[in-house]
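Structures incoming, each one as C-alpha cells.
Two complexes are shown next, each including subunit A; its partner changes from subunit B in the first to subunit C in the second.
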Partner chain A sequence: MLRACVFSTWRSHSRKRGLSTAANNTLSPHHSIYVSNSSNPYFNLSLEDWLFRHKNHKEPLLLIYRDVPCVVIGRNQNPWKEVNMVASRTTGVPWIRRRSGGGTVYHDLGNTNFSIHLPRSSFDRHATAQVVLRAVRSLGVDANINDRNDICVGKDKVSGSAYKIVNNRAYHHGTMLISTRLDVLGDLLRSNKPTMETRGVASVRSPVCNLQQYEPSVSHEGFVEAVIDSFRQEYNIEDSTHTVEENVNTLGIDYIHKGMEELPRWDWAFGQTPEFTYNISRTFDWGTVTARIRSKHGIILNCSFELPDGHQSISDDLVQDQSRQLEGQRYGFLDETKEGIQRMMEGPGAEIWQWLKMEMDT
Partner chain B sequence: MLSRVRFRRLPGRLSFVSHFHTSYPSWAKVHKTFKLADIGEGITECEVIRWSVNPPDSIAAFDALCEVQSDKASVEITSPFDGTVKELLVKEGEVARVGSGLCIIEVDEEVAVSLEEDAPSASQQNNASSGLQPSEAKPKEQTPFPTKRRPHPLDPNISPEQQLLLLGRNHANVLATPSVRHFAKQKDVELSLLVPGSGKAGRIEKRDIEAYLQIGISATNTNSATSTTSKDDPAEDAIVEFGRTRWNMYRAMTKSLEIPHFGYSTSLDLTVLHEILPIINSHIPRHYLPTSLHPPHTPAFSPSAIYPQPASPDVPSSGHYTKLTYLPILLKTLSKAMLEWPLFRSSITPSTSTSDKPTLTVRPNADISIALSTPTGLYTPTLQRIPSGLTPAEMPKRGGTVTVSNVGGIGAGEGASPVLVPGTGIAIVAIGRAKWIWDVDRGDGSGERRLKVNVSWSADHRVVEGAELVAFIESWRSWVEHPQRLIAEGV
Partner chain C sequence: MFSAIRVASRSAASARTFRKAIPVARAPWSTGFVRTLVTKRYTQDHEAVIFDDSTGVGVVSITDYAQSSLGDVVFVELPTVGTEVAQGDQIGAVESVKAASDIYAPISGSVEEVNGELNGQPGLLNKSPEGDGWLCKIKLTDPSEIESLLTEEDYKKHCES
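For the complex of A and B:
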C-alpha cells in the first residue's frame, strides 16, 4: 500500500514537472526552464544568447549549463591581462570572451552556471541573486550575498555574476563552484602583468572555494534541482523543464550556429579588447631596453622604445623602423610573412624582436 | 458624449468662442541630444565600450547605437529616433555619466504650428462647423508637438512619470517581494504608484495590486487637478491643471471638429418593456446571481432528482447581477438593429495617407461603446456582442461603431446633442430619462399613459445620410417597442 502511494506521487510529480526533450523537433525558445546537456562552452554561450533574444521578453526564463574546462572573460576585458596564455596553451584549456560584462571566471564540470532572463523593467540583480541564494541555502550551506552581489560562504566566493541588458530584456548569469579544480583555476587566471594597464574592467580578485567544502553532499544535479525549484517558486512557473542537446537540430539553428562561429574568431576574441598600454623592460648584454606598446581593439597602435645611453649595437634608425613595422599589426599575431618583419627578425635588432614576440605571447 | 460646451454642430449655426486653437503639421530638422539614461540599480556612470555607428550614418529607431558597461553589466543601447548621427559625444573607452549626452542625432520632426486667434468671427466659425479642416489664421506661435510614436524607454525628453511608466524602475523606497513585483509586472501595474503598501514597513502586497486594479486608474490625476485651488484666496481666480482624462477629452473634442455632425431626436415607447422587466428580474438564471443570493436550501422537489442537470456555465463574479435595467435591453435591441444595418456596424478605415479615398470597414458583429462618467473622467469602453460583466482587462481596444451615452441616469434631460470624436464610431446616441406621459395618439382617441424615453442621435454626415439614420432608428424602435420579437428568436 505504501509503495503504491509513493509510486503514484512520483508519477504525478513527474507528469506535472516532467522533462521533455526536443529530440526530433526544432528547439523552441518559448519554454521557461532549460537545462543544457552539452558541455561545449561555445554552444552553451550561443544557446544562452539565442534564448535571450528570442524568448517573449515579458516572461522569465532559466538556463542551466556546465562546460568542459575553459576560461571565460568578460565582454570588455583584456585577455592578455586576465589569462595566463602560456598556461592556457600548455594545458589546452581555451579562453572565451562572453557577451555579458564583468570579470574572468574558470569553468569546468565541477562548476554549474545559471542564467536568469527577465523583462528589463522588472530586472533586479539583487532579487535574482536571492533566487540562487535560496537554492544554495536549501542544500544546507550557510551562504550569503556580499556587497558586490556575489554569493559567498563566509569570506570565500562560491559564485561570480555578470549581467547583460538590452532594450526590453536583461539577464543575470553566474557560476557556482561545486567541485571545481581550484588549483587549475589559480594557474590559468594568474597572468602577472602589473605593467599592463587596461581601460576595460579589471577582475576583482577574491578567494574562492567549492560548496562541497562546506557540504559534501552538494552535487551538480542537486544544485540544478534546487535552482529550478527556487525559480519556479519565485516566478510562479509551471512549465516543465526542457533539456537541450547539442545535436543536428540545435546546431542547425542559424543564430546559434553563427554565434558559435563568431566566438573563437579573432574579431570577437581579440578584436574587442579595449585600449591598453604595456610597459616592459629587458636587459640585454649591451643594455636595458624599455618598450611601451599601445594597443586598441587588438591592433598595435604604436610601440616606442627607450634605449640605453651610448648604445652602439642598436641604431636609432633601426629602432624607429621596428616601431613602424609593429604599427597596425595584430598584437600577439605578427604577420611574419611581411618582408619588413622578416628583416626585423634577422637583423641586428633580432634580440629585441624575439623578446617582444615572447612578451606578446604570454 | 454629451457636449458641455454650448456648441451645436448643425451646419450654418454660429458658435461663440473667445479663443480658438487649431494646429496643422509641418516638418523641421531638429538636432536631438541623446543622453545616457538611468540604467537603474544605482549606477551613475558607464564606460562606452563600442559605437555601432559613426557620423554621418543614418539610423532607425531601435537600431543598435552603442554598448556601455557599468560594473558587471554590459548594456546595449538602441537609438530612440530615426535620423542621422551627427556627432558622438563620448569616445570609446571614455566614461559617460548618467544624464550626460552620448551623441547627437538629427531628426525630422513633425512640428505642430499652434495657432491662436482672438474674438469670435462669424465667417470663420461657420467654416469650422461645416466640418472642413480648420481654416488657416495667422500663426502667432510655434510649439513643438510630441511625436506620435510611443517614446523609447531611454528617450531623455519624456517626463519622469512617462519614463517611470515605460521603464518601471524599482526605486529603493518601493518595498515589495520579487514575487509581488513579478505579479505587478504581469498585471501591468506600476509599483511606485502603490507606495506605501499594506504590508510590513509599507511593503506592497499582492492584495494592494488587486485592489488597485479594481479601482482602475490611480487617484493621482484627480489630485493634481484639485491641488492648486486650496492655497489660493477664495476671492481670486484659481488656475487648475487639466487632469489626464479631461485633457484627453479636450484634445479629442478638438479633433471632433473635423466631423460634420447632424442630429435627430425621437422618443421610444418603453411601456411594453416596463411590463416585462419585473418578470425577467424575478427569473434571473442562478448562475448570474451573486452567490450570496443563491437560495439557501434546495427545493423539496428538485429537477436533478434522477439525473444531474447540465452544469451551469461558470460566470465570474464580475458577471453577476441582481436586477436588469432598461439599458441592457436597449443595448441588445440596438445590436439587433445594427445587425440588420451593416452601415452602423462600420467605421472609417484608419489610413495613414489622407489622399487615398476613404473606405468603410464593416464588422461582422455589433460593437457598441458605452460612455462612462467616473470620478476620474470620461471613458468609453467597448462591448462586443454585449456579454455580461467585463473587467477592464477584458475590454477590447478598438472603439465601437456606435456609442451610447446614458445621461438619463444622471439628470432628467429631454434633449441632447452628443458629440462624435474620431475613433468613437459613426453615430452616437444620448438616452434621456424615461418618464410617463399622456400619449393622445393611442387608445381609442382619449389617449393612454405611456412610458417614453427621449433618444438624441448624432451621426457622421460624411458616412451616414439623414434618411438612413432615421430608418435605422425605426428598426431599433421596432425591437424596443415590440420586444415580443425577441421571443421569436428563441422559438
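For the complex of A and C:
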C-alpha cells in the first residue's frame, strides 16, 4: 500500500515537470540522463547494463532508479554466505547477483540508486563519489566520503558503492539510504555461517543510517534532482532528463530482455559462486558427525565426513555412499530421485541426509 | 553461459581490424629448419595473447593498461582446464576493490593450463600482468584467428580513444 503510494507520487511529480517520456517510442541509449520509473530490480539492472554497453563510450551518463525490496549481492560473492536464505524465503524478498563488484546491499523504495557511466580513461572513483556527495550536501546533510569511497554521515554509511569496468567504459553505481527499513536490511543480510569459508569477495559490514535521520525533509524526488544538478554541473551537460518506463517497448529491447532472463537463472545466480567450503557438525542420538562440503560454481565438488569414535551405528560404506551421492549435485538443490538415494534413507543415513539438506537451505 | 554478453563482445570482435600477423619476437631456439614465430596481439577488452606458432598455444593475460585502471586485484576467477571456448566467450572474472571486470576468450580453442598461482596471489595481476600474472593457455582451434586481433599499435590507439 505504502509502496504503491510512494511510487505514484513520483510519477505525477515527474509528469508535472514535463519530463520527456520514452513510453511511446523506442528508448535510445544516447541520452545523458535517465530516471527509471520501474521499480523492478531485474529490469533496472538490465537497463543499466544495456546503457553501459550501448551509449557512446566517451560521453558521461547518469541513471537513477529504485527497486522494490530485494537483496543485491556483488558479482563475485557467495549468496549462502551473504544472504539469510530463511529470511529471504519467509519475507519473499528475493536476492539477485548484480554484474558489478563489491559487497551485498539491500534495496527498497526508501533507497535510491545512482549509476554514473564514464569513459574508462577518465574514470576516477573519487571524482564520481564527489558528484554524489555534493548532491547530498545540497540537501542539507553534512556528509563525508570514507576511505572506501562510500558516503557517510558521521561514522554511519548512507551509501555503498560498486564499479564495473569493461572495454573502454566504466560505471560507478551506489545506493543512497533515504528512508530504508533498516530492520529488514539487518535481518536479510545476517547469514551467520562463521564456518563457511569462501573465495571471492566478502562484504565489509558497516553501521548504516538513513538520510532522513539527519534531515527529515530529504525525499527520493529531492535526491534525484540534486544528483542530476550535480551531474550536469560536473560534466557540463544540458541534456534533459529522460524517464524510462518498463513497457512493451523497453522490454522488447533484446539485450534488456535477455539480461532479465539471465539474472534469476541458476547458472548466473548460483552458478557464478566462487569456491567455498562449509564445515558443520551435529550431534545425533548415536554420536557426533562432522561434514566438510566443498563447492564451486554452485556444484558440490565433494563432501567428507568425520564419524564418532567407535561408531557402530553407522557404516563407512554408508558414508561413502552419501559422499558419492552428493558429488556433482547442485548445492542447496539436492536431487533425491537420483538412483541409490532412497537406499540410504534409513536410520542414521536418513538423518545425515536431512541434516545436510537443511544446512544447505539456510 | 553468458549469452547476452557473448553477443555483445562478438560484435565487437567482428569490428576488429584484420591485419597480417607480424612477428614481435623470435624464440631463441628457432633453427634454420623450424621457424618459430611468437606473435603478441590484443583485444578491445584489454586481453593480450602471446601466440607461439610451433605449439599452437596462446598465453592469455590482461594488459598492463587493464590492471592499472582496475586497481589492486583481490580476486581472479579462471576457466577450468579442458574447457572448449569460443572467441568472445566469458572465461573468467577479475575483481579489484569493488570493481568487477570480465575476461573474454581472445581466441577459440581449448584451455590447456591455468595459472593456479593467481588463486593465492591475485596481486600478481598488478605486479606482472603480462608475465607471471598470465591467466591461461589456450590451444587454438584456428590459428588464423590470431590475425583478427589488434596489433600493439592498434591497441594503443584503442586505449587512447
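The rule is short, and it goes like this: the second predicted complex is superposed on the first by the 340 of 362 C-alpha atoms of A that agree within 3 Å, B and C clash if a C-alpha of one lies under 4 Å from a C-alpha of the other, contacts with A are read in each partner's own complex, and residues count from 1 in each chain.
What we mean here is this: contacts are C-beta pairs under 8 Å (C-beta built on N, C-alpha and C of every residue); 3 or more make two chains touch, one makes a residue touch a chain.
Computed from a prediction, not measured in an experiment: that's the story for all the values here.
Superposition note: with subunit A as the common reference, subunit B and subunit C are in steric clash.
In the superposition on chain A, A:53 contacts subunit C only, with no contact to subunit B. In the superposition on chain A, A:349 contacts neither subunit B nor subunit C. In the overlay built on the shared chain, the residue A:262 is in contact with subunit C alone; subunit B does not reach it. Of the two partner chains, subunit B and subunit C are each touched by A:100. In the superposition on chain A, A:236 contacts subunit B only, with no contact to subunit C.
Of the two partner chains placed by the overlay, only subunit B lies in contact with A:127; subunit C stays clear of it.
Only one segment of subunit B in 2-10, 128-136, 146-154 or 362-370 runs into subunit C in the superposed model, and that segment is 146-154.
In the superposition on chain A, subunit A positions 58, 74-76, 99-103, 120-121, 123, 125, 148-149, 161-168, 199-201, 272, 274 are in contact with subunit B in one complex as well as with subunit C in the other.
By the touch rule above, subunit A contacts subunit C in their complex via residues 53, 58, 74-76, 99-103, 120-121, 123, 125, 148-149, 161-168, 170, 199-201, 255, 258-259, 262, 267-268, 272, 274.
Looking at the complex, you find that subunit B touches subunit A at residues 39-41, 47, 49-50, 62, 67, 69-76, 78, 92-93, 153, 166-170, 178-179, 181-186. Note for the complex: subunit A touches subunit B at residues 58, 60, 74-76, 99-103, 119-125, 127, 130-131, 148-149, 161-168, 199-201, 233-236, 272, 274-275, 296. The touching residues of subunit C, when paired with subunit A in their complex, are 1-4, 7-8, 12, 44-46, 69-70, 74-75, 77, 93, 95-102, 119, 158-161.
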